[in-house]
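Two complexes follow with chain A in common, the first pairing it with chain B and the second with chain C.
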Partner chain A sequence: MHELLLFASVPTHQHAELLQQLAGLTAMQPRHCFERRLIFKAYRKPGVANARVGASQDLQSGDLQRVNKMLNGGMFYTQVVGPIQSADFADAGVTDAAANASANANPNPVNPDPDTDTKMDGMDSESSIPRSAYDFDQQSWQLEFRDIPEAGTRSAVTSRVMATAALPRGDIVPSMNAWGYSFVTEYLVEGDMFIHNDIVLNLHRVLHYPTNPGEENQPRRQMPTLQQMAPLEKSGSYVLQASMMVQDGSNQETMKTASQHLFGLREQLKSAVRLEMADRLSLDTRVK
Partner chain B sequence: MPITGVYFIPAHPNASTALGNITERLRSSFPDEDLIQLGRWTLEQKLMRDTPGLLPTSSGPNQRPSKPRYMQFLSLSHYYNHGFIYTSEPAEKPFHPPNAASPSPAATPATPRPQGAGAGAGAGAGAATAGSVNDSTTSNISPMLMTTVPHSSYSTLFQHFTYACQPFWCHRLTVVVQNGVFYDIGDFRVRLGDVRQTYPTNRVRGTVVEIEWRGPSVIDSLDGAVTSDVNEETDSGVDVSLSALEESDIDAEFAATALLIREFWGRLGVEGAREAILVPGVGSEVKERLVKLKGARNGLSGPTEDDPDPQAGADVARQYLEVLRFNR
Partner chain C sequence: MADSFTLPLRPNLEKSDRPDTLPVEIAQINEQWGGFRDVNEEVLLAKLAEEEERGGPLDSDEDGEKKEMDTTERREELYKRRAEITQFAMASHMETMFALDFISLLLSKHAPRQAETSMSAFLKQVAPIGSLNSEVVHPPPKPDSVNKDISTVSRGWRIQNFNSAANKLLGAASRLEKEVEAETKYWNSVLAIKDKGWKVCRLPRERQSLGVQYGFMEATPAFRDRGLASLRRGNDGSLVLDQGLVPSGLRFVRVRVKRGSRITGCTKPPGVSSNDAESIEQRILQARDSVFEDELFHELVREARAMASCGVTTRQNLIQIPAADGLEILLDLVDINDESLLAEQESSQDDVVLANGVAHSIRILLSFAHRQNLHRRTQVPLPLTPKRRPNPEYHLLRPALAYLQHISEARYLESFVHDIVSTLRSSGFQIPEFTAQMFSNWKLPHQHSSPSALEGLVASSLKPIESVFQGNLLAPNSSFTVRMRTNMSFPPFGTHYDVSFNLPSVPDLKSPGNLSLREEVEAAVSHLLLLDVVMKIASTQTDEEKKTEPDTPVKRWWDPIYPHMGELLLAYDHPEKHKKLRIVLSRDQLSLETCLVRCIDGIGIGAAEGRSQHTETKTWKLQQSPGIPNQQSSAMDFVTAEAST
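Our next item is the complex of A and B:
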């Protein structure tokens, strides 16, 4: 599958106005969404490639060439994306004690221990993160692979190979590790989504988690409060992304039609924002 | 999740397979049963190997041959909701993030763990993954990790690995069972089919036989307690209160049923078969389920919109993948 894209930068002061304009254009209310985005990096034992080149007799040379070519093939960062609700964030108004009290209100047969309360109280002093009803084991995920945008296209849109696949719920790290990917870090995307004919419009910004020691090496099992999340772009500006998926990227005709639809949208939004293609290297997903 | 056993009888290329012979033995060994074909089934397995392992091993004395790593994709028509991905666990942990399972002592107190996460690593491992137990039987192969993915993802993920992971995964072969048939014989359901290799070349590989125990089983009562829609067909005659059930009981149940399956297979008297019944990791989903049921945690890998039980069939998938892991 291919993805065609145009981007625009939207300063904070224009955000509310653009939301209304897009709602008018698309005749729909914005769909507010949050996405957890986990970044995984393809890994390979260093030094394996080229270590034993030329020492072969038993493998047919054609086969060996193919294997060597594969060993030197590209490796990529890929993302695992999970939608969450605003209710999944720890509520700033709920203190640890209150959250624990509500948790204890549910009879919990795992721990029929009458000392639970005192144990929990002991934990309060250590944890600074309020709780929420967020259940990591039920978190749904999908793998989102995006190739580096194609080079040398004459068209003025960003075009890249993409793949999206649903994954099992819960802790996805063991599977990803076995498949050859290691967890790097995670961030959150907050934004509003619109659909305009065959184009998906996303007005979003990237939020960083508050750093807590010991949490960087694995996906968080709990969410902080939304207030604790800090925008990556300090000015708080947003990115408008217009995207379109094409099933068969080798079909020049459909690719052309898709680009033209995006250009049509660009014209319609010309007075509000300037949609343009992205710098190819800024969207480079290759592992170097 | 029924208890099954899988047998594979290899055949020489261009020779006839054992399929006809087995069907005939079924008929003659169980003269009281009507051998009526109940339906058809299909299977597809795509086997990938680690690309570095395909390089010829050097004769240098200080280089020990690395263990081959596999990633096997399996799709079964009797579990059409999802596909199975069975992957060798990484030999060494990825270098930059430290292993999640063993946080450094300094990090532990600062990390508030959700309650009950420590109750069992398997239980905390989430939806459809389950670590396989360490295996002593297949010593040259590292432990395998079973992941079930929605059926829509099955081919997308395979394409992803062939496209974006060439330095570490290489598609080696595809085998299929296209026209499998199944019969009910007493308390058993028997699935038979010829295994054909379709990639890289077309050739016959052999015959695969799956024997499923459909009689009363403790495991069924567990299934009934989990899924709200109790399967009428497998109405379990065993009445066991769940609280009395231990993991060792499940192991015993698997061992006892394995004996029944072996006895059934023995009656056929077919020689030269590879057997997979109590393969590493078999029953781990059932045990995970028991742990969760007992704890009554809401972390059950519950039904999703289009899949009533995302983990169903993981055991039989393991068995198929053990016998179909051809060396290439």
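Our next item is the complex of A and C:
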């Protein structure tokens, strides 16, 4: 599958206004979502890189090539993405039982405002471990592979090969290690999603976890409070990402249609934000 | 603007201190009439009348001509005028060119190069360059009287111009005032519409005008785009709803119920509140309703075409759906004000209710389909492929049809089971009452008001409808269940029955499985009950045996040899005296027949069983309408009597 993308930077003061504009354009309410994103890095396991060991003459040359390519080809960073709810964040104002009850009563809170209970938890809760209804063992995960964007395309959109796959729930690190990936770090994406015909509009920003010593080398089993998360971009600005998926990237016709749809959206949003293609090397996912 | 001040725009006309002097007037009369001699009253009156006559009829003639002018004359007139215009234009062009040539020739003396460029070729030929000169000539000084005349004339001109300017300004002011009034009225009504909650926006194609959105965002694109009308301003500032080319007539989808060849039920057109039928709000509502009805009928026709396999036929403006048992539903889109709709029809109350129910259900289902579209639209889209995704028909008719078919089948089955159970009861068998659980898979949500609960309720009506009939049999621990489900949304279509039972006394009995005809179900249920009756008769003896002391001689009793045929045998030592009992059970009849047979083994059924020639046949029959108590003895008494003889 291919993915065609356009990006725009949205300063904080424009965020609320753009949310309204996008809601009007797409005729839908924004869907607020949080995503845990774990970054994994591929590494070569020693001893398996050589396909010519032993009686490799039996292999067909085509098969051999393919296996060699798989073993010695380029290696990539991949992301493991897990959607979470706003109720999953630790909140000192909610006791364990209450959190459970609210999670049971309302498993899918619609567009919860993360700022409603800013004042409810005092800062004295730093010492006590905040609890939430978050269950790490039931966390669902999805593997997202993104290639480096294609070079030398005439068209003014970023296009890259992509693939997603569902992963088992719970602790994903052992499985990923078994496949030759090591955990690097994790971050959180907070944002709103809109759908406009075939285009997914994602207005999001990256949040960093508060740094606690000893938690860096594995995914967190508990979520901190949302207020403890710090945006990566200090000004708090957002990124608007317009993306479109194409089943068959080799079909020029559909690729053209898709990029034309994106250009149409760019024209429509011209007075609000400037959507443009991203720098190719900034989206490089290769392991060097 | 209370303390507005008035600004005099008209020039302050100086009243001439005195009227024209007498000598001037005398001179004027002399000039006009040639002396006072011929001027008297009659002559002046005649002159006036003559002028009037000449002026008056001329105008009226022109008016008449204008009215009578037909298209050819008009065209001729048009051509003539156009020719005149071109002639004028040519003449003025010529004059301009002459003037240009003249000026060029004049200037050519001083700036020959420059002047040459603007000279015409003809002039260059006939006149050498620089052959014309000009000099300033000082005119002789004008006499005072002429100067005075000139100043008077220019003063008059100025006054005239001031006057006309003032008139224009005042006209513009009054026009502006009117415009402001009209605009205020227009914007007030626009605000009133907005306050009522309608979405007012700019028209996408016509950026400068306003529109109101009343349609349904999730409708088919053709109808979604029709849900936007522009709000135009009438001349007096009134709001005009401009729907473009859409016919303004109000139409609605009429549902009629037809039994046989008679229309027995029909929906009424939705009432139009006449008191404020002309208010803009009302018109917006009407426009919205008619868009909805048009879309509804469009979708109904689309679905009806896909349902041709179910016997649904479509005409240009009519959908005919054969529902069940000679019942037919007719759907058409008719004008709301059509007088012929009011024609009296013989209608039954039930069918009117039925028609209204169908009409409401298709509308609810269309709204539900809109909601589903919204849900689908706000999901993450699938990757783009060259194939176009199919646009499936909405489920509007199919749930209604499934309901009608299901209820008809369920009622039939209920009446059948009821009849056959009462037949058995009247014959003296104490069969327990059966229970019918209609629409067992429809459950009312606990919260009635939340949108998701309501959507769930409607969604459940799109699923196959299920009803369960359950009853206990005469034998202990035995029961039967008929589970019927009707499905019109996906194959297999129609009503399917699942007959299951628990009858331990007949161990080798297999379930008939899935049945799809009501006759098959009827046969299966009556067969089951027949078996039950046979087993009941056979087991009565064993029950009695247990009660009596073991030392009494064993009484002969009926032995079910062919239970599936309803046959029991009373074995006897003498081979000629075997007695056979045959039970026949149908919906409203139970008959028992005994006869003597010779041969009991093998396939001794019917003619081959070797009936004794000389023995009499005894029968017991129940043939009465259920409810009247049976005068005869019960079937069990007959069986017992036959066994003891």
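Please note the rule applied: the second predicted complex is superposed on the first by the 223 of 288 C-alpha atoms of A that agree within 3 Å, B and C clash if a C-alpha of one lies under 4 Å from a C-alpha of the other, contacts with A are read in each partner's own complex, and residues count from 1 in each chain.
Keep this in mind: a residue touches a chain if its C-beta (ideal position, glycine included) is under 8 Å from a C-beta of that chain, and two chains touch if they have at least 3 such contacts.
The shown structure was predicted, so the numbers you read here are calculated from the model rather than taken from an experiment.
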Larger contact residue set on chain A - chain B or chain C: B
Which superposed partner A:R221 touches (first chain B, second chain C, both, neither): first
Chain B versus chain C as contact partner of A:A151, first or second or both or neither: neither
First (chain B), second (chain C), both or neither touched by A:V173: first
Contacts of A:A16 with chain B and chain C, given as first, second, both or neither: neither
First (chain B), second (chain C), both or neither touched by A:N251: second
Touching partner for A:G74 - first (chain B), second (chain C), both, neither: first
Partner chain(s) touched by A:V184 [first = chain B, second = chain C, both, neither]: first
Footprint overlap on chain A, comparing chain B with chain C: none
Residues of chain A touching chain C in the complex: 1, 27-28, 31, 193, 195, 197-200, 244-248, 251, 253-254, 257-258
Chain B-touching residues of chain A, taken from the complex the two chains share: 41-46, 48-49, 51-53, 55-59, 64, 67-68, 70-76, 78, 103, 108-111, 123, 126-127, 129, 135-138, 140, 142-143, 145, 147, 161, 163-175, 177-180, 182-184, 212-215, 217-218, 221-222
Residue ranges of chain C in contact with chain A within the complex: 217, 374, 377-386
Touch list for chain B against partner chain A, complex: 51-52, 54-59, 71, 85, 87-90, 92-98, 100, 103-104, 106-117, 119, 124-129, 131, 145, 147-150, 152-153, 156-157, 159-161, 163-170, 294-299, 301-302, 304, 310
